[in-house]
Amino acid sequence: MEKTLQELAESVGGEAEGDARVRIKGVAGLKEAGAGEITFLANMKYIGELAATRASAVIAAPGIDVGGRPCLRAKNPYFAFAKVLKLFVLKRKLPGGVMGGAEVSPEAHVGQDAAIYPNVFVEAGAKIGDRSVLYPGVYVGEGSSIGADCIIYPNVVVREGVKIGDRVIIHGGTVIGGDGFGYATDGGKHFKIPQIGGVVIEDDVEIGSNATIDRGALGDTIIRRGTKIDNLVQIAHNVVVGEDSIIVAQAGISGSTELGHHVVLAGQVGLVGHIKIGDGVQVGAQSGVMNDLEAGRIYTGSPAYPHMEFMRMQAALRKLPELRKRVLELEKKLEKNTRTEE
Amino acid sequence: MEKTLQELAESVGGEAEGDARVRIKGVAGLKEAGAGEITFLANMKYIGELAATRASAVIAAPGIDVGGRPCLRAKNPYFAFAKVLKLFVLKRKLPGGVMGGAEVSPEAHVGQDAAIYPNVFVEAGAKIGDRSVLYPGVYVGEGSSIGADCIIYPNVVVREGVKIGDRVIIHGGTVIGGDGFGYATDGGKHFKIPQIGGVVIEDDVEIGSNATIDRGALGDTIIRRGTKIDNLVQIAHNVVVGEDSIIVAQAGISGSTELGHHVVLAGQVGLVGHIKIGDGVQVGAQSGVMNDLEAGRIYTGSPAYPHMEFMRMQAALRKLPELRKRVLELEKKLEKNTRTEE
Amino acid sequence: MEKTLQELAESVGGEAEGDARVRIKGVAGLKEAGAGEITFLANMKYIGELAATRASAVIAAPGIDVGGRPCLRAKNPYFAFAKVLKLFVLKRKLPGGVMGGAEVSPEAHVGQDAAIYPNVFVEAGAKIGDRSVLYPGVYVGEGSSIGADCIIYPNVVVREGVKIGDRVIIHGGTVIGGDGFGYATDGGKHFKIPQIGGVVIEDDVEIGSNATIDRGALGDTIIRRGTKIDNLVQIAHNVVVGEDSIIVAQAGISGSTELGHHVVLAGQVGLVGHIKIGDGVQVGAQSGVMNDLEAGRIYTGSPAYPHMEFMRMQAALRKLPELRKRVLELEKKLEKNTRTEE
């Protein structure tokens, strides 16, 4: 496929600048791009590489000096890049239907043009929506449903009683609906609390590889529309994650904690159970959150503090060995003064 | 199924208070419960929700004011709740025997009423105990044994030479007996140490989803009776975890470290290798442990300190920017005093 | 198999000391070894156990007092132990060829003496090298290649467009080539960036269980020759890990970060994206790295500091509550002095 810069600009809602007839046949990074390719500048860290790029055109924000080369101007150049890239990605043609070697219960329902690969196992009462793809090794438990246009990558486990919306993507090895970690302890022995709730995953959610989202103890664990969850994330029983949130790799959320919408948890963040995180909260990498957090604010540290307070504490901590010396100096001086006075 | 409050109280060893004939047909949370359901108050954080519950009865500790509603009094209300809930959970009726599409070596042994799903692979010399269930995608390596009444969820990997006791539950995607991470480095190259030990998992252990428990290098990695391990936990080669311990999600234990019984590691805790953790030790979330820990104590922080010391350090750290100002003030005053005296 | 101490010494390039004719038939730990076994002392922490060992011989560095027992002297005793152990490990005889129940595309290529177990799925255009083993539940995507003499343990997922070298070992449940975590956000909605790059894993790499290595967004994610990666490690899109590096369990590396060769990341370390880690850098457990790190140095802490600076800060932090008291004392004295003077 080839498109002119003009066509691309129209497709993605940007403006072509310079030679709008230049023909583009692919997308690549600033360093890797060659003739016939378009590249992009979204992270200002890489602006120094712009001069040397061999790309035929560049996607950039208004006002960025692109040295006169053909340019697709867009207010959100990363978003424009995503849309351009999507134009050039060929949809893989997948085989359709239930393939030989898949085990689908006669009491399950498989939608139109869904693709069920060999070694998939679908239990009774399960529903697979139209055009959804289940790659080899996927397990779908009793009565669980997967919406339309979903992609479930190999070896994903969806236990019984899980409801998954439309256009959901789940990457390889992830387990949805494992039992929550709940025990009543009596006489030093841990007695398992049956975990009889389910999991609800709403439309347009994406979940990375080898993540774990436990089923609720009584009610449901809920991941709301548009939220994106990275690899190896742990979501415990009865957690609620609001809409359009971002949870980066290896973060963990303990039981019954509730996140608002547009929350961002950076990598390896941990949240204790039974707290509430306000809308739009951002938590820095490796932070440990022990209390409710106010909407719209940034928090960092383990334990987590408001970000500016954390920065002041860190700056002071760094100078703490020197502060100790100053206090010792003061003590000596005062001692001397006192002695002088005597 | 329906039971009177009196019957429930007798089943779980508590006492019915108020109308003991009220009929109960299910269990739900304080907010969700309706008529005909029993709820519970185990975490005092939720006592404010008690007044508004629509449940027909409540499980609570003696002395808690339940506003006159029918009550099942129990010293350990969470434990009573667990037992009541268990009464109401219907056992799923599973198909029995080795199902078509399972690959079980003729040299393996499968116990009575065990259920081996399609796409399970059991190697030669392996033993599966009576009434145990192996869900699709489970792999059991050569000579490994799984006891009676176990549940092994989909896509669990049990490598060769692993011994698993009775009533063990392993959730989806977990890998037991992967090679330990052991290399001898010579001339800058890492030379693999063959990992020829095994893994022993004793009775009544439960292991979450996508956890990893490595085989020993020479001897065994051992998880003792009654211990519960959460999702995404890493247990390295030759670790020993004592009885009735609790290891919360994303914690990691490095090689050859030994934990006593009733140890609790909170989420995302890390332990270095070759240390000993005493009986009953509790380690706070995200803590990093570098040394042996004394039995019965609580530790927090990275690096970990006795909990009270950590709290004092954190309190002082929080006031450090202010302390810096006070020291500057002192320096100015002393400077002034000294000058005055001159 | 039995060998004399002399034969072992010759095989591994060490020197026999004492009775070189003593016959050895196995290897075991200091505590566990009995007659006919050789043990080793590589970690000085265990030197106290040397006197009580019942082993017939011991591997130790020159100069270590082994109480006169037969000894295999080696400069790198751990490496010598690894080589001796390898001599005693019996190679399991694996069945060869594509076994019944495996699904291998007719457009895929399987090398000589490769073993493809049942429930493996290999897509069109994939190549499996000579003598490589794919255990049950492995998925190999379109056009991906696996070199010669590789071991791919059960339920590993290798997505499309992944290139794996020779002698690579990948443990159970690991996912190679999952989509990178990339979204362009516009109007509060997260728009998926197609992840069209691949993954390159060079020769002699080993990857633990349930790890995740994402495919590049545009270019490739690269793991260079000889690097060893532990369980549950997260490697994001477009990361480059240099040769002979060591990445311990549950560490995570964010997108586009580049590591030099011989880098060591201890357990649960986190690296932000778009930074460069110099050759030979070592990062302590649970550290959080936010900036480029200079080659050859050791860093610790979250945020990470040069190790000695971190140690000084921690020492000072530990005495901070006491420092606060000293400052209060100073304030009182100065107040008193000032009042006296007035």
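Observations, loosely collected:
Each chain gets a letter, A, B and C, in the order it is written, and its residues are counted from 1.
The working rule: a contact is a pair of C-beta atoms (placed from the backbone, for glycine too) under 8 Å apart; a residue touches a chain by one contact, two chains touch by 3 or more.
These numbers come from a predicted model, not from an experiment.
The two sequence copies subunit B and subunit C touch through a face in which the numbers common to both fall below half of the numbers used overall.
Subunit A and subunit C carry the same sequence, and matching their CA atoms takes a turn of 120 degrees, rounded to a multiple of 5.
Subunit C has its Cα centroid 25 Å from the Cα centroid of subunit B.
Those residues of subunit B in touch with two or more other chains are numbered 119, 137, 155, 173, 210, 232, 250, 268, 286, 302, 317, 320, 323, 327, 330, 334, 337.
Subunit B contributes residues 27-29, 32, 42-43, 45, 76, 78-79, 81-83, 85-86, 89, 92, 101, 117-119, 135-137, 153-155, 169, 171-173, 206, 208-210, 226, 228, 230-232, 244, 246, 248-250, 262, 267-268, 285-286, 302, 314, 317-318, 320-321, 323-324, 327, 330-331, 334, 337-338, 341 to its touches with subunit A in the complex.
Chain contact summary for the complex, subunit A toward subunit B: residues 103, 119, 121, 137, 139, 142, 155, 157, 159-160, 173-175, 178-179, 181, 183-186, 188-194, 196, 210-212, 214, 218-219, 232, 234, 236, 250, 252, 254, 268, 270, 272, 274, 286, 288, 290, 302-303, 305, 309, 312-313, 315-317, 319-320, 323, 326-327, 330, 333-334, 337, 340.
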